[in-house]
Structure formats: structure tokens, C-alpha cells
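Both complexes below contain subunit A, partnered by subunit B and then by subunit C.
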Partner chain A sequence: MAEIEKQYYPGKTSVANNRSKHMSNDLEKLREISDEDLTLILGHRSPGSDYPSTHPPLEEMGEPECSIREIVEPTEGAKAGDRIRYAQWVDSMYNAPATPYFRTYHSAINFRAVDPGTLSGRQLVEARERDMEKITKVQLETEMTCPGLAGLRGATVHGHSLRLQEDGVMFDMLDRRRLENGTIVMDKDQQARPIDKKVDLGKPMSEDEAAKRTTIYRADNVPFREDDEVVEWVHRIWEQRTEYGFQPK
Partner chain B sequence: MVETASEPDEEYLQIELFPTRLLKPETTQNLLEELSEVDGIIRAFIHGPRLPLSVPSGPATGQDVEHPHRKVIQIGDTAIELSISVGRIRLEITDKDVEKEIESIAERVLPCKYELREGYFIPKESTVTDYAKRGPNADPKRRGLSDPKASEESQVFVLNKPENEDEE
Partner chain C sequence: MVDKDKERRFKKDLERKFTQEFGDNKQSGGEITDKKTEYQRMGVAQSPRKMEMMKAGQELSKKRGLVGYNPDLHAGGVQLGQRALTPSYLSGTDMLTEMDDLHYVNNAAMQQMWDDIRRNCIVGMDSAHETLEKRLGIEVTPETINHYLEVLNHAIPGGAVVQEHMVETHPGLTEDCYVKLFTGDDDLADEIDDQFLIDIDKEFPEDQAQQLKESIGKTTWQVAHIPTVVSRTTDGGQTRRWMAMQLGMSFINAYHMCAGEAAVADLSYAAKHASVINMGEMLPARRARAENEPGGIPFGHMADIIQTSRAYPDDPAKTALEVVGAGCMLYDQIWLGSYMSGGVGFTQYATAAYTNNILDDNLYYDIEYINDKYNNAAKPGADNKAPATMDVVKDIATESTLYGLENYDRYPTALEDHFGGSQRATVLSAAAGSATSIATGNSNAGLSAWYLSMYLHKEAHGRLGFFGYDLQDQCGAANVFSYQSDEGLPLELRGPNYPNYAMNVGHQGGYAAITSGAHAGRGDAFATNPLIKIAFADDLLPFDFKEPRREFGRGALREFKPAGERSLIIPAE
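This part shows the complex of A and B:
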């Protein structure tokens, strides 16, 4: 992981503070997920197997002379010649801790060789397989994720804008994970293929805790309009990009 | 204007019950069971996100889903297989008193907050598709209750039939 300085976000509310924390990777670890469980739920390879490669290790390849290659050290995955693989997240609009933008900021600022894709209801990150696993593990184990309000969903992501279920869990039409005895268990991988064991993703956050840890401004929690500094900066950015975009010829 | 046989002859009130959470099948069953005993509900329509039998897309296409919310619920003598997670219930009722009765049931049965609003939720007039699919003499009470692409029998259920009426 790259060593970075603290990232700043305007505003003094808990939401603004959480946004800054996500960007700075200054995250509280809330649960432990083993490497084997992570590999199982990502569904790209069998746990314990070697990483399949798309080219030989860089050391064996004999790279051409290039000043940029000398400056930039390759990531572990690139050194080994790993395949590019992805993890895709869905975060509920009902006070999930992260949002697609902040998952992207987190991976793009704190990790190298990543290709995040930010969409309205889902976020995915593509990287060399072992690098991607590293990012996903951080996001899964820390306060960036509530297992009840967010989920790894490779296909059929439907659910982020739906009302929560009666038990407070985000709807998943493919039933990849569910609440059992107070914890969220996942018995399918992110693509909804059944896996051999039930992976325990930990306890979902209570409503109050989710409201405290969220990066979403909501009228029923921390309203955007009450964070004056954020509003001022959003206005400033919009004004400047509009003025820049207006180029009469 | 020429009146077709499918025009309703009475103007009923329409309401929507909108819980703040998606309902479990057990709650849905309790709610619908109680609603089925209220006199004055002409038509009811349940709505929510679909629960497919198999994975519709991606590398796992065709795998069984076995969603725990896809259950058979029993309302009176009628068994209904839920293929959705219920999020709204739209009702056509005879008058305001029925709405009050429905509100008291919602208060008692629902474990979460809800909204109850009046509006226009179930079609009152035939569309061209209705006409093409069901013809000019279609039963106006069944209008707008099922997807035109699906079979009506799997989606429309008649509860509390009048005694002198045969199988609909």
C-alpha cells in the first residue's frame, strides 16, 4: 500500500469526516475475514490454489530498457504476472458506510495499479488478482463496509436503491448473503455460484451506528444543506467548470 | 363516445399501503389474510422486486436461487406462491370507512412504519394492449392486475367469491 498523507474533505459534519477517513485509509478494523473465505466469496479461483498468470514473472521476461520502468516499481501482482480480476460492491442508499465514489477514492488514492469503475449503484475495481484481493480485504474488514448494508455482487446488483428488508438487510434477489443468528452469512460467491461453506461476514451495524459511520448525506440523518462548507465548495467547483466549459469561438 | 362492455359502472376509491421495509412472506401472509376478511375491497394488487427461480444473467446463469422469501402463502382457502418481495399493496375500495379499517390492520400487523395514500394506482380504463389481449368483453375487474405477457391464471386470484358464482 502506498504511504499517503491525510486527505481532506470540506465540512465539519460526521459525514464529511467519514469521507476524509475513507479517502485517507484511516479506517477502523471491525472484523476478521480469512484469506480462504475472501477467495471463496470472490469466486475467481479455488482457495489455496496458485494465482493463474497471464504472462511469466517480470524477472524472467527480461524487460526492455525504459526509464519509466526503472522509476515505477511494479506491484506484487504485476511482478508475478497475475490475471486482471475484479471485485464489485453494492452499497445501500439507506446509510451504508461507503458509496461508489468513496470506494473509488479509497482504492485509487491508496493503492497502485487499480482501475476503479464508478457507477450510480455499484462500484467495481479491476486490478492484478492479488492486488485486488488486498484492496477488497481492507474494504471488507473495516468500517467501509457493513455486511448488512453492502454486498459483493459480481452480477445482478439490484438492491442499492430499494427499501431494506424487515430484518434491516439490503435486498438481494439472488440471496447471496442473509442474516442468520445475528450475523450475515454468505453461501454463494459474488456471481451467485454456491460455495462449499457459509462464510461469516460478521454482525451488521445497528441503525444508529450506520447513521454515524455513513458517507451519505440524507435529509433524515445529516442533511447536505446543513454542511455549509461542502455546499460552498460544490458551488465553487460547478461554477468553475461551467465557466471553463463556456468557450465561445 | 361508444361505451364498451369493459367500462366499470361504479367509481371506487384507490389507496396504496407503502411500508418502509420490504415485507417477509410471514408478514405478507398475515396482512393479506386480515385484508381478505375486510368487506369493501374490490381489487388488490401486490407489488415489489422479483425473486427469480434461477440466476438470470452472468457466469452463474441458470443456477437455482432458492430465495427464502419465495414461499407459498395461504390466504383462506387459496395458496399463492410469492414470486416477489412485497413492497406495496394497492387496493380498490368502496369508501373511506374501508380505508380506516385497513389503516387499523396495518397498524396492528406491520412491524415498521408505513404510508397510506389515496391516488390512482390500478388502471380504470382499457389500454390498446388490454383490448388486443383480452378482447372487448373482458372482465373490467381483472384489468391492470396482471402483466400482459404473463398468464392471468398465475397472477390473478379470486378470494371470497360470491356463493352463486362459478369458478372465475
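This part shows the complex of A and C:
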């Protein structure tokens, strides 16, 4: 993980503060997920197996002379020749702690060699497999994720904007995880292929806790309209982009 | 001050959609403001249309001995319909439809709207008349024009006019093919047989008719609609070629010209090139499309093709909303959805903007806000407009977007209806952009509001659309006011192939609406081209361009009668 300085975000609300924390990787750890469980739910390889590789370790390859290669230290995954794999998240708009852009900012600012993709209903990170696992583990174990309001979904991601289930869990068409005895268990991997055990993802956040930790503005929690400084900065960006483009000379 | 707590225009729609049973979806009770619901996971059995489709798929498999549609193949055996499959209203109507019926393949009205645009071209008559009179010394009178039009209406569907031993097309297959005429010359109009005339005075409100006639002067134009079946079998470029060929033959017949004389070539050149107005411009080679294909239709042309402004001159919001519907259908569902991508799922990007009155609620709220704050600037008129300044754009776009965002928070069923961020982004920005253009009478001010709305939305939700969607909206503000053609243009002249607009859904119908809003807001008779506005003021067209959303509803309910059917020449079932 790269050493970075604190990232700033305008506004004085809890949402603004949480956005700054996510970008700064200043995250409270809330749960422990074992490496084996992480591997199971990601579904890319069997727990304990070697990382499949697409090329030999870099030190065995005899790299060509290249000043950029001399400057840039490869990540562990790149050194080992790992293949590129992904983790894809869906975060509910009902106060899930993370939002797609802030998951992306978190990985892009704090980790190297990542390729994040940001959509409205999902967010994915592609990276060398072991590097991707590191990022995913941080996101899974910390306040960035509520297991009831977020989920790892490789495909069929529908759910981020839907009303919650009666038990407060975000809908998943493929029923990859559910609330059992007060905790969220996942018995299918990202692609909804059954796995051998029920992985315990921890307790879902209470409504109050999620409202406190979220990075989405909502009229029934922290209204965007009332975070004046953020709105002012959006206006400033819009004005400057517009005026910069209008240069009739 | 505008009452923010008043009943929403989408209330009835969402109550029907989310709190009452439809088909066998076992969904009833609750409020549209509830944040939680029970998911019944009933699969396709809940939907009458899906069951019809499944039965058809099974019959097809049996009949041809080759498998086809099978909902059990979805997601490894998990059928669609784990959440309730719910119907939608066409906005501005009482027509309730299943969403499958708004895919253009399943909707004859949608197909016909596109057919009626593609198979249409406008050809000037004045240069032809000059050729006849000045070069050949042939007298052209209202009587000869009427005769020529009679001949042409025989010839243009495929009837022979001068040659022996010709095959002809069957009138039963080409009933939608005809030519009409319009002119800004009142004296000539009086002399033209009613069956041939698009009467500007009759079709448009008085002030709009005046504007149109002043714009076109005493020129005379013919509007040709080639047969739907021809247009579908060939391409958009065929429209002017087919028109020019039959037109040339008809001149020869009606004016007793020599089939080989050079003047015929002049008439042909005028019809094919010099005096022809295509609905869509030719696209560059990398798109490989001729004229009259959707990617070449500028937003200003789309604004003129839709006829709502002459039927509802006092309601500019209605005009913008109908243009949204038509634009999203053509540009998103057909152009980007099929021509450009080959996808099937583009339908719901588009339908969000013209179903369940969510966009309508946002825009009519904006109209009240504008009239309240800017001294009735949203009412039609040129002298009452708010100034097109950054401050005005900022104010209207911000209020519109925040209102729309708050609706998604207060009405979780609205959020669920617009389940994708691209849908929400289109709707919020279309409202902000159209409202601003109606208030200022300036389409580029509206475009500027569109981009501000996108920024506000992204920042509020921490999400917007998808990669390409967001890219387009992040960089767009920088070219809003650029008028060099490689950097920007007035919105009227931009189109689906404008740089950055060519790649993703959910935008182009909105841009067309913003364009139309500016002119409907000013009380203009047309947005860009008066000839196109007049050409579509014709009730004989199968598709009613005054009410595209209602027509889509008729298509979905299987009440719309399209043209170009082949039942005459195929075995009866």
C-alpha cells in the first residue's frame, strides 16, 4: 500500500468527512475475514492453491533495458507474474457506507497497479490477483463495507437502487448471501457458484450506524442541498470548465 | 414559492406499478414511500407477456426442431422476475403496458415512427418550374401542378407513367406512399387541390403559420413519403433516389417532355441533390450510413419532426417531453441500441424518460419554479425570457436537480423504477436542461444546465452512469459555448454523431428535448428547419407525430396499425 497524505473533501457533514476518510484509507477495522474465506468468495482459485501466472517471475525473465522499469517498483503480483483478476462490489443506495466513486478513489489513491471501473450499480477493481486480494480484504474488513448493504457480485448485480428486503438486506437476484442468526453469510462466490461453506461476513450495520458511516447524500439523512460547501465546489468546477472551453480567440 | 409537498405527478403511476397486483405478481399493499418490501421471487410466471413469450418459444422449438427462447437459461437457471415484474404507464397517458412491449421489436408504432422519418424527404419545386418555364418555355400553372401531383401519386408507389411493358408495385402494399405539397404563396395554395395540400394556415396556430410562411417565402415544396416496405428493404439513402426517379418520370408525363432531353437531367439533379432536404445528414465513412439514417438526424430536425408545439402551443414542457420520448426511442433504442451496438437492453435506458411521469413531474415543478422566480419566463414568448447567463443556468439547474434527487430519496419506488444510474442521470439532466432552455429560449444555456445537473448528481450520489456515460458528461461543459464546428455547435445543429455524443445512450433524446424546449418556450413555430416542421404536419401519416408517447402506448397495447405489411402476398395463417 502506498503511503499517502490525508485526502481532503469539501463540506463539514458526516458524509463529507467519510468521503475524506475513504480516500485517505483512514478506515476503522470492523471484522476479520480469513484469507481462505476471501479466496472462496472471490471464486478465482481454490483456497491454498498457488496463484496461476501468466508469465514467469520478473526476476527470471531478464527484462529489457528500460528506464521506466528501473524507476517503478513492481507490485508483488507483478513480480510473481500473477494473472489479472477482479473484485466487483454492489453498494446499496440506502446508506451503504461506500459509493462507487469512493471505492474507486480508495483503490486508485492508496494502491498501485489497479484498474478501477466505476458505474452506478457496481464498482470493480482489476489488478494482479494477489494485489487485488489485498485491496478487497481492506474494503471487506473495514467500515467501508456493511455486509448487509453491500455485496461482491461478478455478474447479475441488480440491487443497488432497489428497496431493501424486509430484513434490511440488499436484494440479490442470485441470493449469494443472506441474514442468518444476526450475521450475513455467503455460500456462493461472486459468480453465484456454490461454495463449500457458509462464509461469515459479520453483522450488518444497524440503520443508525449505516447512516453515520455512509458516503451518500440522502434527503432523509444528510441532504446534499444542505452541504453548502460541496455544492459550491461543484458549481465552481462547472463554471471553470465551461469558461475554459469558451475562448473565442 | 412553489409547494414542494404537493402531490407528485407520478403518484398514481407508482401506486399502480408497485402497490397493486399486475398479472400474477402477487404484489399489493404498502406505500410508494416504503423503503422495504417483500421479494416474492416468482419468476416469469407472474407476467402475462412473459408467459405468452414462453409459450411461443416452446411452440417454435417444436415446429422447427431447434430450441429457442427459454427463460430457464437465464443466469444458470434463475429466471427473470426474482423482483416483481411490473408494468409502466406511458407518461402523459393512461396507457399501462408491460415493459417488454416497449422494445421496438415488440412495438409496431415505434417501428412506424422511424419508418415515417426515414422514408420522408422534401424536394423544392421552384427550380424544376424554372427549368420548365425558362429553358423549355413550358407554362406552369396551378392546373399543371395539380395534374403533375396526380401523376406523381400514381408513379411514386411504383406505377408506370411513360414506358410500355413495365412491372409495377401493388397499391395494396404501398398504401402509405404519397406526395403532398406546401407553399408560402397563399394564392397558389388556394389553387392547389385540397387532397395534395398541406395547408399551413389550417395545421398551425395563426402566429406559427405566419412565422412559417415568412420563413419559407413564396417557395413551393413537395413532401414525398416512399413506401415503408421499400424503405425497410433498402436504406435511408433510398428515399431521395426513389423520389427523384419517380419525380423525373412524372415530369416527363405531366409536361410532355422528351425522355432523353437534357432538362430531365436538371430535374433529376435538383431532386436528388440541389433541392432535396433529407431528414438526416449523410454520416462519415466510418459509420457507413447514407442520408436519412438516425445517426445523421440533427437534434434540431428531431425537434421539428415532432409536432406537439402546434397542438399544444401554450405548453412548452409538453413539447419537450414528447420530443424526449421520440428522441430516446429513436436515438437510444434504435440508433445506439441496434445500429451501433446490436444490444437488446437499451430499451430501459430510454423508457425511463417517457414512462411513469417522473420526468414530467420534475419538469413541471421546474416550470412553476421558473414562473415564480423569473416572472413567468417559462410561458411561451420571446420578450419574457430569463437572461441566458451562468447565474440563471446555475440556479435553475441546481434547483431542478436537487428536487429530482430528493424525489428518489422520498419515493423509493421512483428510485426502483429508475433502477440504473444512467436512467436517473438522463431524467434529471433532461429536466434541468429543458427547464433552462424553456426559461431562457436558448438551447445552449439548456445544454449547460444539462452538464451542471450531471456534476451535481454524481457528487450527491457518488455514482452516475457507466464509464463512457460519465466521460461524456465530465468533458461536455467545456464545449457548450464553442461554435467552431470541430469543437462545438449550436445544439440545434449537433446530432448523434457529434464528437462524444456518438457512443452512449441516454443523452440524445434529452438534447433534442432541450432544443425543442428553447423554441417552444419562445413560441417559435419551428426550431431549425421550417420545411421539416411543415412536412410532418400531416394527419395522413400512419404515426401521429403530435403525440409520440401515446402512439408508443398504442403500439404496446397492440392498437396501432402500421404500414408496409406483407399479408397481401403471403399465405394466410
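The rule is simple: the second predicted complex is superposed on the first by the 244 of 249 C-alpha atoms of A that agree within 3 Å, B and C clash if a C-alpha of one lies under 4 Å from a C-alpha of the other, contacts with A are read in each partner's own complex, and residues count from 1 in each chain.
Going forward, contacts are C-beta pairs under 8 Å (C-beta built on N, C-alpha and C of every residue); 3 or more make two chains touch, one makes a residue touch a chain.
Source: prediction; values computed, not measured.
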{"item": "Fit-or-clash call for subunit B and subunit C when the two complexes are aligned on subunit A", "value": "clash"}
{"item": "Which superposed partner A:E239 touches (first subunit B, second subunit C, both, neither)", "value": "second"}
{"item": "First, second, both or neither for A:P194, with subunit B first and subunit C second", "value": "first"}
{"item": "Which of subunit B and subunit C A:G62 touches, first, second, both or neither", "value": "neither"}
{"item": "Contacts of A:E166 with subunit B and subunit C, given as first, second, both or neither", "value": "both"}
{"item": "First (subunit B), second (subunit C), both or neither touched by A:T156", "value": "both"}
{"item": "Partner chain in contact with A:G48 - subunit B first, subunit C second, else both or neither", "value": "neither"}
{"item": "Partner chain in contact with A:G182 - subunit B first, subunit C second, else both or neither", "value": "neither"}
{"item": "Larger contact residue set on subunit A - subunit B or subunit C", "value": "C"}
{"item": "Touching partner for A:L174 - first (subunit B), second (subunit C), both, neither", "value": "both"}
{"item": "On subunit A, the residue positions that both subunit B and subunit C contact, one per complex", "value": "155-156, 158, 162-166, 168, 171, 173-174, 192"}
{"item": "Residues of subunit A defined as touching subunit C within the complex", "value": "19, 93-94, 98-102, 117-121, 155-156, 158, 160-166, 168, 171, 173-174, 192, 215-220, 223-225, 230-231, 234-235, 237-239, 241-242, 244-246, 248"}
{"item": "Residues of subunit A that touch subunit B when the two form their complex", "value": "154-156, 158-159, 162-168, 171, 173-175, 178, 188, 191-194"}
{"item": "Interfacial residue positions of subunit C with respect to subunit A in the complex", "value": "34-39, 75-76, 78, 82-83, 390, 394, 398, 402, 405-406, 409-410, 412-413, 415-416, 418-422, 424-425, 448, 451-452, 455-456, 458-467, 470, 477-483, 487-488"}
{"item": "In the complex, subunit B residues that touch subunit A", "value": "19-24, 27, 49-52, 55-60, 63, 65-68, 85, 87, 111-112"}
